[in-house]
């Protein structure tokens, strides 16, 4: 599929292996186009998280390329890396491990601003981010331990959007949450996607959440992309047997009567 | 026939706060009951009170009675609340067995899987030597583990999460309990593995005529395996009924929210799937 | 969740501060006032407690209280000096090992294990041989031995913090490694580390006393509780005060410091406090 719009973030022909062990990723290519949120779907051990680490610039592919705005990521190119860090932010699965317990929420949320040297109106920007995720103003002066799992995930999202990134990479952002909290956080992400022109790249095995948030899906199995396309196409008419099994496995409520 | 009668169960925390308040229900032999609630709703605490395993410092009151004629020296009724630890230990495994959420922490990391499964078989059925070995293999086969010999020789970290949960189920079944308690047994697993484990549990409970208490925060998962459900919120049972009733006509606002959330996620998936079938993009 | 209590109270902390504070007060006073000059041997030998020698005299006729007061100074100097060396060297090595991967980590760990297995007394003899028999040599030896223990603890704590998602979040925010250390790693390892350093202080006081007892510490006329014990040992049945007094003071200081360590652990860690 060729699109006229240049991808913001792209992995091209990436292989990845730890040392001499079996490859975690084999010839993986993924492109993130602006406004088209993408889900990376697969089981644990399929290589989703490793792929996410490549996209985050935390690991480098054994061979292949990772490109931001068409330029290959290079740790030495400070200007590019700074631009990349500002443009691509992340949210983690476990809201308990992703917030430093010894920092106040205000400091946690402002970290990207401080690190990227965006010190103007920092307090106002933090307040705006907290407001955008639906947290009260006084949250900034409290510690993460004082919040529930869902609220902590909101704090993590506030940190990720405070520097107004273009891409949000989320690793199972709602799977550690209770169902009703999960729906609220999905709503929030949906809302942010629209109001802030964010493109979400989400690792998940929850197809319902994927369907709610992402226009495109890439299915990974054992380090390879086995199927890719528009969400409706992949979920509605799966071609690969693994995708089909994944769809059939989603637990559903019994259909409503009447 | 009623197997378990829980009446006016209270579990009080050290600061006098009720973790479970006034929960009552009955469970027939071979029946499957789902306990639904979010973290902190008291669902796991209820299960612990039923097994008599509440952590020290908590006060349990009310009554938890098992009707199991012939199981304990002619005694037909066994009251768990207030029963002595020694007596409970002798009954545990035969009355109830529990499968937990995280199989990695439920298994001893330094002991081969086979020996862990053998332990309850040896204790309860008095098996030794070759008979014990055969029973271990049979137990692992029963939970549909391919290549049980290899699994028996492996350490827990050497097998996958789904395989570990199957081993944990095999261990729980080894004593042939009257009631199997499954506390979020599939939450830590991948969806496809979750589906397989649910099918497995479904079949095993059916075959053995065991009663099942299935604890989860996921209404969709519970509705897949249970006949009746109880919805817990802040330690209080706010609603109970058959799965069909609760899912189709929730009465309590909290249940409505739960059902609504689950339906919204289902709906998102359905419209994506239907969208492709109708040839439109959402 | 009870975030409200701003000033947590700890009985152990108070008790520890009282005991250790007593010794500290004595040491401070010793700089301004001593009952007798330290080298004044004018008193009768091995006098029992009384006037004018409140605790008595030693076998050379020196005032025991004067010696004890100077000894308090020496003990605290030894503890503080050792902890300073142990903390600086240990933290640096521990951070390096904590951040290192594979072979470098293995090498540092092996070195630390060797250093920990090395007897402090032997290390002290080597340092003394290289320099001289002095408080400084003893402190260097104790500090080096301590740094290995501190480094090993630091390494484990650092690895544990680095495995947390908030470190990854910090990296993806573009935070540099030195800043991650200052902002996230040090604050998160500090509660555990500070407790350990407080315990090490007590151990250092004991170690200095032992080394002085063996003649590897500060030479006369600097009084050290360890050497006082050694000198009074022969006359323990004639003049027990010479043994009891420094012994009691060592116990008071070490127990005091250990209680402070326990108290600090209860108070310093907000996460621990709330999840209790």
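Labels A, B and C are assigned to the chains in the order they are written; within every chain, residues are numbered from 1.
In this section, a contact is a pair of C-beta atoms (placed from the backbone, for glycine too) under 8 Å apart; a residue touches a chain by one contact, two chains touch by 3 or more.
What you see is a predicted model; the values in this text were computed from it and never measured.
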| item | value |
| --- | --- |
| Joint neighbours of chain B and chain A, given as chain labels | none |
| Most remote chain, CA-based centroid, reference being chain A | C |
| Rounded Å distance, chain A centre to chain B centre (Cα mean) | 33 |
| Separation of mean Cα positions, chain C and chain B [Å, integer] | 52 |
| Mean-CA-position distance for chain C and chain A (Å) | 48 |
| Chain A-touching residues of chain C, taken from the complex the two chains share | 1, 3, 164-166, 168-176, 179, 183-184, 187-188, 270-271, 274-275 |
| Residues on chain A engaged by chain C in the complex (per definition of touch) | 56-58, 81-82, 85-86, 88-90, 92-94, 97-103, 108, 111-112, 114-116, 142-143, 145-146, 156, 159, 163 |
| Chain A residues within the chain B interface of the complex | 43-45, 149, 178-183, 186, 205-209, 211-212, 230-233, 235-237, 245-254, 256-257 |
| Of chain B, residues touching chain A in the complex | 38-39, 160-161, 190-195, 198, 217-221, 223-224, 243-244, 247-248, 257-266, 268-269, 271-277, 280-282 |
